[in-house]
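Order as written gives the chain letters A, B, C and D; numbering starts at 1 within each chain.
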């Protein structure tokens, strides 16, 4: 029940919030903060009970949903999804506290959307049934659509529509592929199933070098959905628009978690489901990832808008993750997974900080700033720390992920490694150039206004940033505290990629929970057997 | 005379079918080309009657009586249709004072 | 013989009950000296008629029998679709009761016509013979022509009714012509006979193929498939909104059933040309509906175009059922989709109905601006309805589309499904526009005036149903599956 | 100074209390963590921990009270922290040499364990790093002390000391790390601190830009370093220094250019050129002089910039296995030495002269490393740390006295005004131009000799070294002359005064070291006669591989070469003295004679202009075009094209829907016709 709890508690809380009169903004904020902390606590319980010695699915829950087509309500957790779930539950309270003042209209709607979004995101990380995954994956679009569209900037409608349509296009292709897999399973086994575990067992015909064979087409259908979500070059243009127009919390959740749904999809679906195709086409994805790294960095460098710069930096960072995943070795995959978390923390923090300064000056144009370091020292320190994390200075989280990815890339090919490493230089270039123009030098137009002196971060804002800063160093200094949990799963993925199987870990959690879990699973299995 | 009988005897199913097709097409053309509402209604009747010829021809040549029964159904329905159609035409005329269908183009786009 | 007749009559008893009840308000009016009975009473009688019919259908369900020498069939599909049509009718009655264009001095006649139209629909659903199908279509349509005109508004609705009438009759003639050819080639108009000979005739007999094509196009007109769709936007726009809602849902539902019955044969397997033409029609229908809807500012017209597009989606399922090797799966998906489509379309048109202040008002997109600030629950419901129309999970609309596409993919009709997907993406664009208006504008919203309790109820009820059934689509699917396979 | 600090102290008591509380909390946390990880630790572990963490605590203490203007408190704490480190270093080195010179190591925690990669936070003191930590903490402590006086008038001394301590911490990580990754942590960490300290006075755009330039240039090197790590890891399966060196020896010597070890060494050398300011990445170092002068002394002269040399020495068996790379190293070092020295001839900014001098001296170290004389490289690294730190601090003292003026054309005859500064600077001057028996003489001479004599060397390398030495003597004498000797050109209103004791004590200590620092490495040709052993060589035996195939050289040759270099340097110094003290008009005439050459040199060979004009600006411009043409005009426009297409078709669909009943009927008729046509086909 733990997974159901962590998935649907936010939804339940959202409904509760919906019952509060909308004038009671303070109560709504406090309530949703408390609620999201409760969800976080549940996810911490998950971590505590997690058995890190196995790659099998833990806490699995399975109930028939649409048995006619083998679709089930099937949740499971392994080392790949564990931290992504925790990242989601962790960022949500941070965002709620971070938007305490910036979201002043339609407070109720905002918090309800955020909590619904949390459910959708957690659900997509936990779903082990392809259709269930698809449902959560698509559902997450809706609250995000509203968050950008209602609380966003001036071109919000355009941006949010672009976001929605782009993502939808990709995910519908994936839906077709899922349906195909369901029938493929039906044709080989005689039973309908949409369970990933069953999909993994399928042998999908593959012919190297041509497009028109099932595995390649399915591979590209899935990959398109996730590539748009990630987003990979050249499908990335929705991201800068969405980020620029999104309100701060929207940007944080978008960059922090939603993009990870794409890379997670590559790890969970694309690579293990279509091992031959993924292996054969890896060069293409590495190539696009590399282009993304360099292109994102170069374009980020010339952005006049801070937020857009950070958005393009996301393109670059996500390029690293893609390259790492398609390196298909344990370093790349570990680094990719770790970089997902890092990017969530660091870019999330960057967007929060950009939001904080935006609240003060109502501008994000770099040229209007300058000398901020003098006016807002605490803000500057935090920003610098996060910048260091973003450009992967050792001892921060970013380094560990980037190092492992580069290591993995280098193992594939020295040339790839050399190209990827240029991102390290360019990353420093665009971030530090921005820092220089915004924080250093003489006071800029927005900073020197003597009548409305800028106020440094208040206690709330520091409290918002504190956990992120702590994580930056914690994850940078003690990556094993996190990677230990994922080790078994990643190694399993890499080593058995060609014949990937996942099993359900029956004694995952001590005590009653495991009993319930296995009963549910066996009930579902017998129900299926009976058919 | 015998020539005529001969000709008549030579009349095959296809002749009827062609006739009905011609009638049907004429009806269609009437609907497509005439502007007067009443004439259009009449053209539709023409189309239905063309179909009736087909039915009867098929019925006659296959020795199956069903087709002729169907014609009765069709005639009934044609009558109902005419009733409704004329009622609507009257309504339209009352409102628009016009029976040229080119006057009813408010709904478009 | 007598016994047989009795059995036959029993099978059509829902029709008889419905007809009897539909006459009641009009009779009352006649006997009261042309004085309009209390509309509540009229409505109540209408509901009684529908409930009676529903009850009788339920009592008869599971029979899987034919009647009147095989001209009428009472199987699972009949029962299931009858329920759906009764449900739609009940909702449409509620909407018309509230709506400014339809309530008032002719409500008794209105109810009579609507229930008579339902009569035609049920005949259509039950029909097992092309001539009966024709009679059903005509009964349904003749009533609808008048219903369209039965508005106090007197320009657009009259024009709509007249256009509908002319084009409808035109298409009926074509349909009938097709029947004649089929009759001529098969020697019978009963479905089983026709379907039996499809396999042999379709590749050998041109006349049969012509007949089949014309019959198909006759159906296509009723469900607004390209290029016979052109009447739809105009008629849907001009007709009183409750009637539009009724047309868009009930007509489509019943016609598609008859359409489906025509394709319940293995014999279509080799009809490549025929399949290709139908596929192109489906694709073009989706496309024309969606791209034209993109450019609409009139909410009602946009929905009209969207309904064309949805016909295109349903055609996908129909083609999968007819030209594949698994009719049941295709039919299930079509019927499921019709069910979900009916719910969401009714709800959406109900919102349009609420916004129509006067009988001749049109609802522009702009009128939705800022609605969420004033009517949060209504806006949320409309959002759910539109997202469902767009096929976003976990709504019923998503599962409908999912089953349709599944059925097509099962038959390896990837090309068709790909078009379906592309169109779904296009459709998102315009379905999201009302949401943008409602939520993302700070304008002062329009006030909703007049009595609209039932309409409001409809909106919220359908929205809730869409979510709930979306999350629990399995029971519905199972019911449809059983109805299709006649396993009760 | 103390009083103002006190005043501020009172004005913001809440703030200070808060930051103190935070410090206590963080320290407790950190100490708890350390205590936990040190369960069952040995005394050596404790020493390592203290050595590393003392500066970190100093950083935390000062970092949390970064607003405090109390330079006294901040400086004291920071200096103490550095001093504690120094004491620990001494203890560690003593312990090590007591134990027969076996390396001491400590493993704290596993850092990254992924696949075959297993990196722990492990530290190692051997004879090479021993020299480094002593220099770093020793010179570091002195420079901290100097800074207390130097920064006393600054607005944010606490921040400054925090950065300085952080630098020390990172530098110690760099030299103590027992594997490439820990070294890399320090490597990037010192770069970060350098960035922060160069841009310390960030309100000045140029200074901030200099910091940025330093970081990014270093990053290019760091990227190379990373590639080197990758190559080595996949070659040897480890990143541990001792294992790498062991395996490298086993692999044997690699000829050619494409071998993995060669590649790895090349990559690593790119890293070294970045950090140690060699061609082509040296451009950041002169600009780095924007930072406070003690920073220039510590980071940009004594310690950080020598990291590259240290790294090569650390991996000397590996580099010896890739002789081709060693040649590259030697050539780059030699050319850098000459080129930087030549630029130094024409500079007017006292710190710029010293900066180019540093680049040039670093070139010597690489030259040494390149000919396999790793010991000589370490030796010169150490002596250079002494005299260059001294000169930088001295220049700092001068600048301090001149109220911030750095142009030597506005100085002159300062010897009387600043006697201690002058005296110590004088010692540094003698050391750097290589006058015996000052420190620089021994180390530089060993480099020159070995570059001539080593089998890896060549007479041309020796010649480069010699030209560099001659130039060094010239520009250093020029610097002395213009600053301290000759006529005063000090502008009116500036009253140079000797610096306070906290600044002069470090000068004196470093002055002493500049004199005697070289005596630990007296070459055998001299030492033999004097019965003095070469302590350093002895010390480094075992830690550093000897030059393969080195034959005992002829003493006569060695002495002859020594004589040539010393006398040429002396002549050059005298020439400079003549030019700038006796006949101050002469340099102008000379420059006018060779105007073109002079312009080329004084404009630093237009390298910066080349980098900006041909590389960086085109890159930025190109990126703008990328954005404009690829993102906006291509991808986005493509998207719009699709949407426009949809809308266009939609418009057509609307036009077709013209309301005409008969038109609709026509569609139906056409549809029927077309269908029938297609079906009957």
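Just so it is clear, contacts are C-beta pairs under 8 Å (C-beta built on N, C-alpha and C of every residue); 3 or more make two chains touch, one makes a residue touch a chain.
Keep in mind the model is a prediction, meaning the values are calculated, not measured.
Novice: State which chains count as neighbours of chain A and simultaneously of chain B.
Specialist: Chains touching both chain A and chain B: C, D.
Novice: Comparing chain centres built from Cα atoms against the global Cα centre, which chain wins on proximity?
Specialist: A
Novice: Does C-D or A-D have more contacting C-beta pairs?
Specialist: A-D
Novice: Chain C to chain D: how many Å between their CA centres?
Specialist: From the centre of chain C to the centre of chain D is 78 Å.
Novice: With chain centres taken as the means of their Cα atoms, state the distance from chain A to chain D in Å.
Specialist: The answer is 38 Å.
Novice: If you average the Cα atoms of chain B and of chain D to get two centres, how far apart are those centres in Å?
Specialist: Computed from C-alpha means, the inter-chain centre distance equals 99 Å.
Novice: Please report how many Å separate the Cα centroid of chain A from that of chain C, as a whole number.
Specialist: Whole-Å distance between the two chain centres: 42.
Novice: Find every residue in chain C that makes contact with two or more other chains and list them.
Specialist: Expected reply: 162-163, 166, 170, 174, 233-234, 429.
Novice: Considering chain B alone, which of its residues make contact with at least two other chains?
Specialist: In chain B, residues 28, 31, 101, 104, 106-109 touch at least two other chains, as defined above.
Novice: Run through the chains and report each pair that touches.
Specialist: According to the stated criterion, the contacting chain pairs are A-C, A-D, B-C, B-D, C-D.
Novice: For a test of understanding, state which residues of chain A touch chain D in their complex under the given definition.
Specialist: 162, 234, 236-237, 240, 295, 298-299, 301-303, 329-331, 334-335, 371, 373-374, 377, 381, 388, 393-395, 399-400, 403-404, 406-407, 410-411, 414, 417-418, 421-422, 424-425, 428-429, 432-433, 435-436, 439-443, 477-480, 483, 487, 491
Novice: So in the complex, the part of chain C that touches chain B is made up of which residues?
Specialist: By the definition above, chain C touches chain B via 131, 134-135, 138, 142, 145-146, 149, 154-156, 158-163, 165-166, 169-170, 172-174, 176-177, 179-181, 183-184, 187-189, 233-235, 237-238, 301.
Novice: For a test of understanding, state which residues of chain D touch chain B in their complex under the given definition.
Specialist: It is residues 654, 657-662, 665-666, 669 of chain D that touch chain B.
Novice: What does chain C use to touch chain D in their complex?
Specialist: 162-163, 166-167, 170-171, 174, 206, 209-210, 212-214, 216-217, 221, 226-228, 230-231, 233-234, 273-274, 276-277, 281, 287-288, 291-296, 426, 429
Novice: For the complex, which residues does chain C have touching chain A?
Specialist: Of all residues in chain C, those touching chain A are 372, 387, 392-394, 398-399, 402, 405-406, 409-410, 414, 417-418, 421, 424-425, 428-429, 432, 435-436, 439-440, 473-474, 477-478, 481.
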